[in-house]
Amino acid sequence: MDELAAVLTETGAVAAPLAFAQSYAICRALERWGSPDQKDRYVESLASGEQRCALALSEPGDSSPLATGSVIYKDGLISGRKKAVPCALESRLAMVSVRMGDSLQSRLALVDLDADSCRLTRINTIDATRRVANIEFENADADLLEESDVLRTVSEAATFTALEQLGAARECLQMSVNYALERKAFGQVIGKFQAIKHKLADMYANIEIAGGNAAVALDRLDDRAGWPLHSACARYSAIQALEFAATETIQVHGAMGCTWESNCHLFYRRSRALALELGAVDFWSQRIIHEFGKSAEVAV
Amino acid sequence: MSAFDTEVYRKQARDWLEEYAPAFSKAATGERTADEDFALGQKWQKTKFKAGYGAITFPKEYGGSEGHVVEKLIFAEEELRFDTPQYFNTSLGMPVPMLIRYGTEEQKRALVTPALRGDQLWCQLFSEPNAGSDLAALRMRARREGDSWILSGQKLWTTWAQYADYGIVLVRHDDSLPKHKGLTMFFVDMRAPGITVRPVRPLHGQTSINEVFFDDVRVPDIQRMGEVGAGFRVALETLMIERYTVSDVSGYGPSVRDFMQLARSVTCGGVSALENPAARQVIVDTLVQDVGLNEIHARALQSIAEGKEPGPEGSIRKLVVSGKRQRLAAAAMDLMGADGVAIDPAAEMNESFQASWIRAPAGRVAGGTDEILKNTIAERVLGLPQDYRPDKGVPYRELEG
Amino acid sequence: MDELAAVLTETGAVAAPLAFAQSYAICRALERWGSPDQKDRYVESLASGEQRCALALSEPGDSSPLATGSVIYKDGLISGRKKAVPCALESRLAMVSVRMGDSLQSRLALVDLDADSCRLTRINTIDATRRVANIEFENADADLLEESDVLRTVSEAATFTALEQLGAARECLQMSVNYALERKAFGQVIGKFQAIKHKLADMYANIEIAGGNAAVALDRLDDRAGWPLHSACARYSAIQALEFAATETIQVHGAMGCTWESNCHLFYRRSRALALELGAVDFWSQRIIHEFGKSAEVAV
Amino acid sequence: MSAFDTEVYRKQARDWLEEYAPAFSKAATGERTADEDFALGQKWQKTKFKAGYGAITFPKEYGGSEGHVVEKLIFAEEELRFDTPQYFNTSLGMPVPMLIRYGTEEQKRALVTPALRGDQLWCQLFSEPNAGSDLAALRMRARREGDSWILSGQKLWTTWAQYADYGIVLVRHDDSLPKHKGLTMFFVDMRAPGITVRPVRPLHGQTSINEVFFDDVRVPDIQRMGEVGAGFRVALETLMIERYTVSDVSGYGPSVRDFMQLARSVTCGGVSALENPAARQVIVDTLVQDVGLNEIHARALQSIAEGKEPGPEGSIRKLVVSGKRQRLAAAAMDLMGADGVAIDPAAEMNESFQASWIRAPAGRVAGGTDEILKNTIAERVLGLPQDYRPDKGVPYRELEG
C-alpha cells in the first residue's frame, strides 16, 4: 500500500495525463468480482499497462457518479450515453456502470470501445492535458461483472484519486514556497510577508488533514465497516486541499501565475477536473453525513 | 447634478444604446477574428464619439462633451448590459488625460482627438517582470543623449500593446536615487525603431497582454511627461484622475441569477441542485454581496453627482467581486458534475461559468492583488501604518536582487 | 429613517441592555394592525418609553421564530409557553405570536405580563447584560391584532436589529484599530503586521456589505415587493458581520481580550445573543433562497 | 517500544483508570467549591503517583517511573475519557523538569518528590501585560544585591498561582542588552514577602489565571536557573522538553458526535436540523479534521515509541482544534435557536456547547495565538524567513514604548 501511495502521489505531483487512480480501482473491481474467465481476459494486460481501460460513470442529466438511468444492460448488450469520460480516447476498454434492465439495480460491465457500437466524441475541457470524451453505446457487447457494486468502485477510485490530489497539492505548496523565497517586492522576498506566510501555513494544514484522511481510507480499504465513511472523507478533504492549494499558488505567483509561462495553471485546471470527475464535493459531503449518521462507532 | 437630471441622462443613454449597441454584439456580427474584433471596437468608439458618448468628460476643444463625471459613470453602467467590443478603457482612462495634462499644445492638437475618436489607441507601459505589485522596483533604463533619451529594457502585462499607436512609459533615469525618486515618465510612438511587441499567452485563451521590448529606443525630451524624477508621483496622480470607475458587480462573469437558473435545472442523484447545501450557501453569500455592493455604488454615484467625494467603502468592491466570481464559478461547475469540465472556447466570460472561472485568477491579480488591496484598505481607510519597507530611502542600485 | 438608523446603530455600539429594535417593530405592528381602540391603549405609552413591551416569539421544541404550535389563542385567552424572551422581566407588556385555535394561522396579540396568568422564569444566558425569561401563559387575557402578520413583524424586528448589530460591529472594528495602533509586539505596533491589517480589512469589508444591505432593507420597509427578501439579506449579513467582528476583536486583543478587563467579551456575548433571538442565521438563509427564487426581478 | 508493548500498556492504564478515576468525577462528588476542587485534584495526583501513573517519565530517585514518553502520552489520552480534576499539567510539564535540570542536589532532594506527589504545585511566571506573544519584551526587573536578587514588577496570566508553592520566573537583569539577551530565570517561593496574587476574571466564569505582583522580592542567587543572561534560551529549551503533548481533538468541547445528536433532536420550522445546510457543512468539516488529526497523532505516537522525532505535521493541531471548536459551538447554538443563549453555569466545557463557546477565545490565544502558530509553521516547517524584527539587537531600554 505504501508503494501504491507513493506512485499515486507522484502521478499527481507531475499532473500526469493519466487516469492511474481509476485504472487501479478497475483492476481491483476485476479481482474482486470477475469470474475466472473474466480475470484471464483482462487482469494481466491491464495490470501490466499493456491495455488501458477508462471508467465511464457519469450520465447526462444528473451529476451523481452513481447515476445509471441512461445506460441500460439487457441480454449482454448495453445502450445509452456516458458523458465526460477521461482518457476514453486512449483506452481500448471501458468499465461502464449500467442499470440492469428495468430494475433499480446497477452493475459494472466491460465494453470494447473499438467496436462500431460505441461512438466516442471528444469534448473541449478546461484541462487540456487530458482528453475527455462523451460515449454513446448502441447495442454494444458488454461483459457484466455479476456481483459488482458501483459505489464501492467509485469510492475506491475516489480514494486513489485523493492520493493523486494530495501529490498535486504538495507540489503546489512546494512551488509556492520556492517562489516566495525568490520573488522580491518592496525590498524583501515575499515569503517574509505574513499574508504569504499565513496563506502557505493554511495550505500546509489543509494538506496534512487531507493526508491523514487519505492514509486512514487506504488503511481501511478492505475493512467492511470503515471504507464507506473514510473513502468519502479522503475524497472530500483532498478536493478541498487541492482546490485551495492550486488557486492560491497562482495568487502567490501573481501575474506570472496567470500565464502559460508558469506551471501554476496546469494544477489549477487539474484541480477542478479531478474535483468533478468522480462526483463533486457535495456528493461526497452528503455521503459523509449519511455514513457518519449510520455509524455507531467510527474512528474519530 | 440633481437626481432628476441623472435619471433623464440615464434614460437618454439607454435609449441611444438600445438603438446603436446591438449592431456591435456577437449576435449581430457572428464570429470575428481578433483583428476584425478590434476594427469593430474602433468603429464602436467612433459611433459613441459622434453621438457625444465616447468622450463624455473630455474638453469640448478636442471633441469631448465636457459632461459631468456621473454621466460617464451612468453611461458605462448602461453599456454593461450590451456585449460591445471594449478596447479604449485604458487608453482614455489614463494615458490620454495625462497627455492633456502634460503634453505641449502641438502634441495635444495632433493626438487627443484621434485618440478620443478611436482612430488611435494608447497603452500604458508600467509593469515589468520584477515590478508588479511593487511598481517602483522597475528596472527599465533611460539615459539622456542631447535632446533625447535612450530607453532600454522590458515591459510586461501591457494590455493591447499590439494595437497601440502610442504608449506612456515609466522608466528609471537614475539608479543612484531611492527607488521611487529615480523614475521619469514619457510617451512613446509604439512604431518607433527598437520596440518589439510579443503577445503573452494568458491562462485563458484570448491574448490581450504583451511583453514589450525596448532596444535603444530614442525618445525626444519633448515627450517627457512631468519633471525628470517625478515619474512615480505623476503615475499616482494620474491614477487618481476620475478614479471611481464602473465595473460589473459579477466581475464580468455570469450572475447569481444565472447560478440560480442552473441550480434549478440540474439534479444530483435525482435531487434538485437547489437542495445542495453548498449551492444554497453560495447563492446567499453572493446575493448579499451584490446587494451590498450595489447600494454602495448607488451612494457613490449620488455623492459624485452632488460634487462630493464618494465614501471609502467603494474600495472594497474589487476585493469582494473577484473572490466572489471565482467561488461562484467553481460552485456552478460543481453542480454540473463531470460535465462541468466542458468549455466552449468561443464563450464570453459572462456567458459561461467555465470561461469565468478560467479568467478568475487574473481578476484577483490585475489592478491590485487581494493582498495589496487589503493593505490599502487597512492603511487608507482604517488608518493603520504601512508595512515595514526595507527599501525606503535606499539607492536603487544598492537594493539586492 | 436616517434618525432611526442613527439611534439603532448607537444602541448597538454601546451594547445597551435594551431591546430597542424589537420595541420599534412592536410599535409599527400596532400602528399597522391595531384597531383605533388598541392604538389608544398602547401606542403613546410605548412610543414615549413609558411602558415597555417584549416580543415573545420562540417556543420550545423548534428553533424557528415563526413557530406557533405551543401558544394557542381561543376566545380572547392564550395558553402555552414561550422561551428565551429578552427583556421580558423589565416589561409590563408582551407582544406574543399565537396560533389561532386549531387552524394553522398565526397572529400577534398583546398580553399584560403582570397578570397572574403569566409566569416568568429568568434563565441564565451567555449575555449577562440582558435579562431573559421563559414565559408560561395559562388562560391569559390577550388583545388580538386581527390582521397581523407574524413574519412581517419578525422581519421588521430583524431589520432594526441588523442596524444594532452594525453599530456593534463598527464599535468592535474601532476598538480593534485603536488597540492595533497602541499595542506593541516584536518591536512595532501590531497594526503593522499584515495578519492584523488584513483581518481588519476583512472586518471592514463585511461591515460595509452588511451596511449596504441594511440601508436597502430600511429603504424598502414599506415596499410591498422588496421587504421579504431585503430584510432577510440585512439580517443575514448583519449576523455574519458582527460575529466576525466580535470574535476577531477578541483575537486582536489577545489574552487581554479574554478577560473582563476589556469590553471585547461584551460584544462577543451580545453578537451571539443577537444572532439567536430572532431566528438563527440558517432560518434567514433559507428565507433568502425562498424569496430570491420567487422574485422575478429584484434589485441586484 | 513495540506496537505490542504500547497496546499492553494502554490496556493496563485503561483498567486502572476505570477502577480509580470515576471516584474523582463530578458525578461522584457533586458540586465542589474551588478549594475543594483543588484538594481533590491534589488527591488525584497522589493516587496516580502511588500507582506509578503520576510521574511516568520522571527519574526513579524522585519516585518517578522512568517510563517511556509514549506511555505518558497513552495514559494522558486514556485519562481524557474521565472528568478528573486537572491542576498539575503545567507544574509537571515545565517547572519541575527545569528544577531537575538546573537545581542543586539539595533543592532537588527537597522539592521534586513533593511536586510529583501533588503535595506542592509549581507555576510558571512568564507573561506580562506588555509581553504576551512577544515574551522577550517583558519588563520585570531583577537587580543583584550580594548573594541575592531583588525582583520587582508584574506578571500576568499565571495559571493556578493562587495554589502555587513555587514558581519559575523570567526577569530582566540588564536592560542595556538586546531584549532576548538581558533575561535570567529563577525559581521563587510563592509565599516570599512582597508577592501578591490577584485573580483575573476571565471571559468565562472559572478563575484559573492571576496577576502576580512582585514588590522587592528577595531571591537567593542559588535559585537562579541557568546562567545570568541565559533566561530566554533556558525558557525555549525547556519548552522543547517532551513538547509533544496530548490534547482532546475536540479542544475540550463537545464532540462532532454530540453535535450530530443535537442536530437529530431539534427542528426549525418543523424540518430536522440535520437538513440544515450550515449544520451539515460543520459536521463534515469537523469530522474530516478530527479524522485527519487523529491519524497524525497516531503516527506521532508510533514515531515516539520507535524513538524517532514525530513529523512536523503535529504543529497544525492546536491551530486547527481551537478554530474548529469555536465554529462547532456557535453552529450548535444556532441549531438551538433562541434557547441557544441559555447556559448552565456549572456545566463543564466538554458537556455544554455554550460553555465551550465562551471559553473558545482563550483557546485561540493561550499557548500561541492563531497568528503566531501560522508564523511558526511557515518558518519552522516550510522554511520561510522570519518577519521583519525592528527590535533585533537593539538595547532593551532604547526600544520605545
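Here the chain labels run A, B, C and D in written order, and each chain numbers its own residues starting at 1.
Rule of thumb we're sticking to: a residue touches a chain if its C-beta (ideal position, glycine included) is under 8 Å from a C-beta of that chain, and two chains touch if they have at least 3 such contacts.
Because the structure is predicted, anything quoted here is derived from the model rather than measured.
Novice: Computing the C-alpha centre of each chain, which chain sits at the greatest distance from subunit D?
Specialist: So the chain farthest away from subunit D turns out to be B.
Novice: If you tally the C-beta contacts for B-C and for C-D, which one comes out higher?
Specialist: C-D
Novice: Subunit A to subunit D: how many Å between their CA centres?
Specialist: Distance between chain centres: 42 Å.
Novice: At what distance in angstrom does the C-alpha mean of subunit D lie from that of subunit B?
Specialist: A distance of 52 Å separates the two centres.
Novice: Check each residue of subunit A and list the ones that touch at least two other chains.
Specialist: Counting only residues that touch two or more other chains, subunit A contributes 188, 193-196, 198, 285.
Novice: If a residue has to touch 2 or more other chains to count, which residues of subunit D qualify?
Specialist: Touching at least two other chains: 277-278, 280-281, 371, 374, 387-388, 390.
Novice: What is the shape of the graph in which nodes denote protein chains and edges denote touching chain pairs (line, ring, star, complete, other)?
Specialist: complete
Novice: Applying the document's contact rule, which stretches of subunit D touch subunit A when the two form their complex?
Specialist: Touch residues, subunit D against subunit A: 249, 255-257, 260, 264, 274, 280-281, 283-284, 287-296, 299, 313, 316, 319-320, 371, 373-375, 377-379, 381-388.
Novice: Of all residues in subunit B, which touch subunit D in the complex?
Specialist: Against subunit D, subunit B makes touches at 277-278, 280-281, 388, 390.
Novice: Which residues of subunit A touch subunit D once you look at their complex with the stated criterion?
Specialist: 173, 177, 180-181, 188-189, 191-192, 194, 196-198, 200-202, 204-205, 208-213, 215-216, 230, 233, 236-237, 285-286, 288-289, 292-293, 299-300
Novice: Can you name the residues of subunit B that touch subunit A in the complex?
Specialist: Residues 127, 129-130, 132-134, 137, 156-157, 200-203, 266-270, 273, 276-279, 326, 330, 333-345, 354, 357-358, 361-362, 364-366, 369-371, 374, 387, 389-392, 394, 399, 401 of subunit B touch subunit A in their complex.
Novice: What residues on subunit A touch subunit B, complex-wise?
Specialist: Listed in rising order, the residues are 57-58, 60-67, 83-84, 123-127, 132, 184-188, 193, 195-196, 243, 247, 250-251, 254-261, 265, 268-269, 272-273, 275-277, 279-283, 285.
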